[in-house]
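Going by the order they are written in, the chains are A, B, C and D; count residues from 1 in each one.
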Amino acid sequence: MKLLPDHLLEGYRSFIEGRYLAETQTYRALARDGQTPETMVIACCDSRAAPETIFGSAPGELFVVRNVANLVPPYSPDGEFHGTSAALEFAVAALKVKHIVVMGHGRCGGISAALSPDAEPLSKGDFIGKWMSLVRPAAEAVGANALMTAGERQTALERISIRHSVASLRSFPDIAAREAAGELSLHGAWFDISSGELWAMDPQTGDFERPLAGIEPLPTSG
Amino acid sequence: MKLLPDHLLEGYRSFIEGRYLAETQTYRALARDGQTPETMVIACCDSRAAPETIFGSAPGELFVVRNVANLVPPYSPDGEFHGTSAALEFAVAALKVKHIVVMGHGRCGGISAALSPDAEPLSKGDFIGKWMSLVRPAAEAVGANALMTAGERQTALERISIRHSVASLRSFPDIAAREAAGELSLHGAWFDISSGELWAMDPQTGDFERPLAGIEPLPTSG
Amino acid sequence: MKLLPDHLLEGYRSFIEGRYLAETQTYRALARDGQTPETMVIACCDSRAAPETIFGSAPGELFVVRNVANLVPPYSPDGEFHGTSAALEFAVAALKVKHIVVMGHGRCGGISAALSPDAEPLSKGDFIGKWMSLVRPAAEAVGANALMTAGERQTALERISIRHSVASLRSFPDIAAREAAGELSLHGAWFDISSGELWAMDPQTGDFERPLAGIEPLPTSG
Amino acid sequence: MKLLPDHLLEGYRSFIEGRYLAETQTYRALARDGQTPETMVIACCDSRAAPETIFGSAPGELFVVRNVANLVPPYSPDGEFHGTSAALEFAVAALKVKHIVVMGHGRCGGISAALSPDAEPLSKGDFIGKWMSLVRPAAEAVGANALMTAGERQTALERISIRHSVASLRSFPDIAAREAAGELSLHGAWFDISSGELWAMDPQTGDFERPLAGIEPLPTSG
């Protein structure tokens, strides 16, 4: 059996002969001195929305958590494992990032699942069902709106969920304190896979707008 | 306040004017037809080890979970939120990926924390402490080995942790079943940030070796 | 007292010395032969969203109804005056237009009023209140959604209202018949005053997308 | 099926690349600050008589109602929908416009229909018949005048109808009050499509004259 799938080995070869060769000194320095990213991104697992790709990031630039639907469970200092909370703690207390960006995207499978509450669980454990229950009240409210199209409901919940995750970030005492001290800022972003449009959340209103509208070269239509 | 940090907007501009422009049809098709990645990667949040970068991946190629130290909590169908289990369920039951790769890397901050059990918690919640307790027995055993250097203990636990996560994958009934049916294969990988070396786990022995040894242009200088 | 406001006389002078002079033969022919517009537009009274301006229209090109919030009251052959129904009848039965476009826009004052049901009537007659009651059920449903921002509720109702008006068009037997015969097509459009973006309704899904996305030169942000 | 007719998309492209590009700041300000038009125009749906074209208007300059034959139904605070009354209420009470212009034009199809009472209704609903009944007494009187030519009867009723609509405006208590207070002035205008002549109503006598006689470059040839 192959140690790794061919497509990974081929991709790695192109990386090592291209980008790594060009940025060797950067990688060496990052290894020697450790990482000092200024920005943490909480993104979705979706294969079409990698933050390093969309933000054209350099090695060492983004500290990235990826889970289904880029959710942030609220602060809950119990005895359980909390992967997202652990990553937040490391980013804020150890790396002292200056920005946390919750980044959602269009056509999100997790959000879509949340809008289909009557679908069969994917497995006995129903882990997606439990995970997406973090946005269940919003999903029920949005799902009940028959006046909006399926596409509009999906986009609405994707954006509501980003605002919800940003609010959850503030439930962490250290995050709230550093934001209050002006040492940390929280952001929301939404990427449209089809059109390539990037929308950013207005921190006052929660509305999403396009900070670089006009440069995207192509239609939104799928 | 800026809607998004400048470095993200600049990076996005280079993406949209470069890669997105070149791959527009791919993005459109991925939006229209949905994602069909063959491979899921469980990687670390570390800003120096983005799997899309190291594997030179195309949009739609990798379904990616990223948490601290690329850990896989064992199957536990309780009522709690399990972000990693939710992502696994979605990848295996909905996307039917053919490969799952647990990808670790050198100089991992989470592993380093696990090897410093007496350090102060990063916050009252001690989320890193709880999260890394997933590998505590191994961390204690390795940490007690005074014959290895600190660097050797770090690398040893990084690799033990990858084997541990691969074993946890098999605690999920659906994953074990699909692996037994030859529909899914599980892999381990380890990336050396400094040298750019990629090491892959031998599924029989658990040893790590370099599937492409020789193409990496540079020595493993620390 | 002036017969007409100065700004109208000045504007008329520029028209007569410019466009009219250039298109005299067109105006003469349109007077002699009568109008034969292919397209009817139902637009809002808003001073920022004139269809002839946004669609750069020539004289004779667009037959235009403008009322508050570009609404279409449903077919109701009673004894009352129905200005919009009269215009539809003339456009469809006499002019035999091939297209009817319901054109809404962002920041619509009528939609905004519909989302503020508890505001004081503008006058004893409360004509706006009665007129906007055409979309009251939708306004109540959307207005109740506290998870969406005020801006999102406004845009959602603007688009729902366009779909509602297109549906009302089909309540007119002659329109339904000519559409079924392929002699008439119904469209929805939405104009963003700030960004200049034009969004068009997908007749199958009702979703709005940008048929010419990418040519708009400027940000959406107000 | 096309989302929008080609001629609209082509016109929109010319708008966005031309006028919108030149007046972007105006549009942005109008979006941000809202509309503050000083003048409301009640015009006809006719494709040859767009007020923004004839008055060379800037975005934000004219609040425009367009219905068949630019009629103003009298004040009638019943339970019915009154699109024109709603627009008047919004313009006067919310926008506090300083001028209302009733603008008619030559060769008006609605007026022509009113002068052909024995013609077949355009549809079962006979919406044009009901709508034009607003000027029926005048239409009958003018129609009975065998001493005038058909063209003279048409022009006569077009102008009588404008005076009639201006009188209807005064049946609205708020309009009458604001006119009496000198805060609002009412005007009549008539546009000759063929010659480009603009005629304005003398508020004392009701006669129509040409406020800019002499600048129109062309004779009133039919």
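Rule of thumb we're sticking to: a residue touches a chain if its C-beta (ideal position, glycine included) is under 8 Å from a C-beta of that chain, and two chains touch if they have at least 3 such contacts.
From a predicted model like this one, the values you see are computed outputs, not experimental measurements.
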Third chains touching both chain B and chain A: none
Equivalent interface positions on chain C and chain D, same or different at half: same
Chain located farthest away, centre of chain C as origin (C-alpha): B
Angular offset of chain B relative to chain C [C-alpha, multiple of 5 degrees]: 30
Inter-centroid spacing, chain D versus chain A (mean Cα positions, whole Å): 53
Intercentroid distance (Cα basis), chain D paired with chain B, Å: 68
Whole-Å separation of chain centres (CA-atom averages), chain C against chain D: 16
Numbers and ranges of chain A residues touching at least 2 other chains: 209, 211-212, 216-218
Overall pattern in which the protein chains touch one another (line/ring/star/complete/other): line
Every chain pair in contact, whichever chains are involved: A-B, A-C, C-D
For the chain C and chain A complex, residues of the former touching the latter: 138, 141-142, 145, 147-152, 156, 159-160, 195, 197, 205-207, 209-214, 216-221
Chain A - residues contacting chain B, complex: 1, 3-5, 7-21, 24, 27-28, 30-32, 34-35, 37-40, 45-48, 50, 52-57, 59-68, 71, 73, 75, 77, 79-94, 98-99, 101, 106-107, 109-110, 113, 122-128, 130-134, 172-174, 185, 187, 189, 192-194, 196, 198, 200-203, 209, 211-212, 215-218, 222
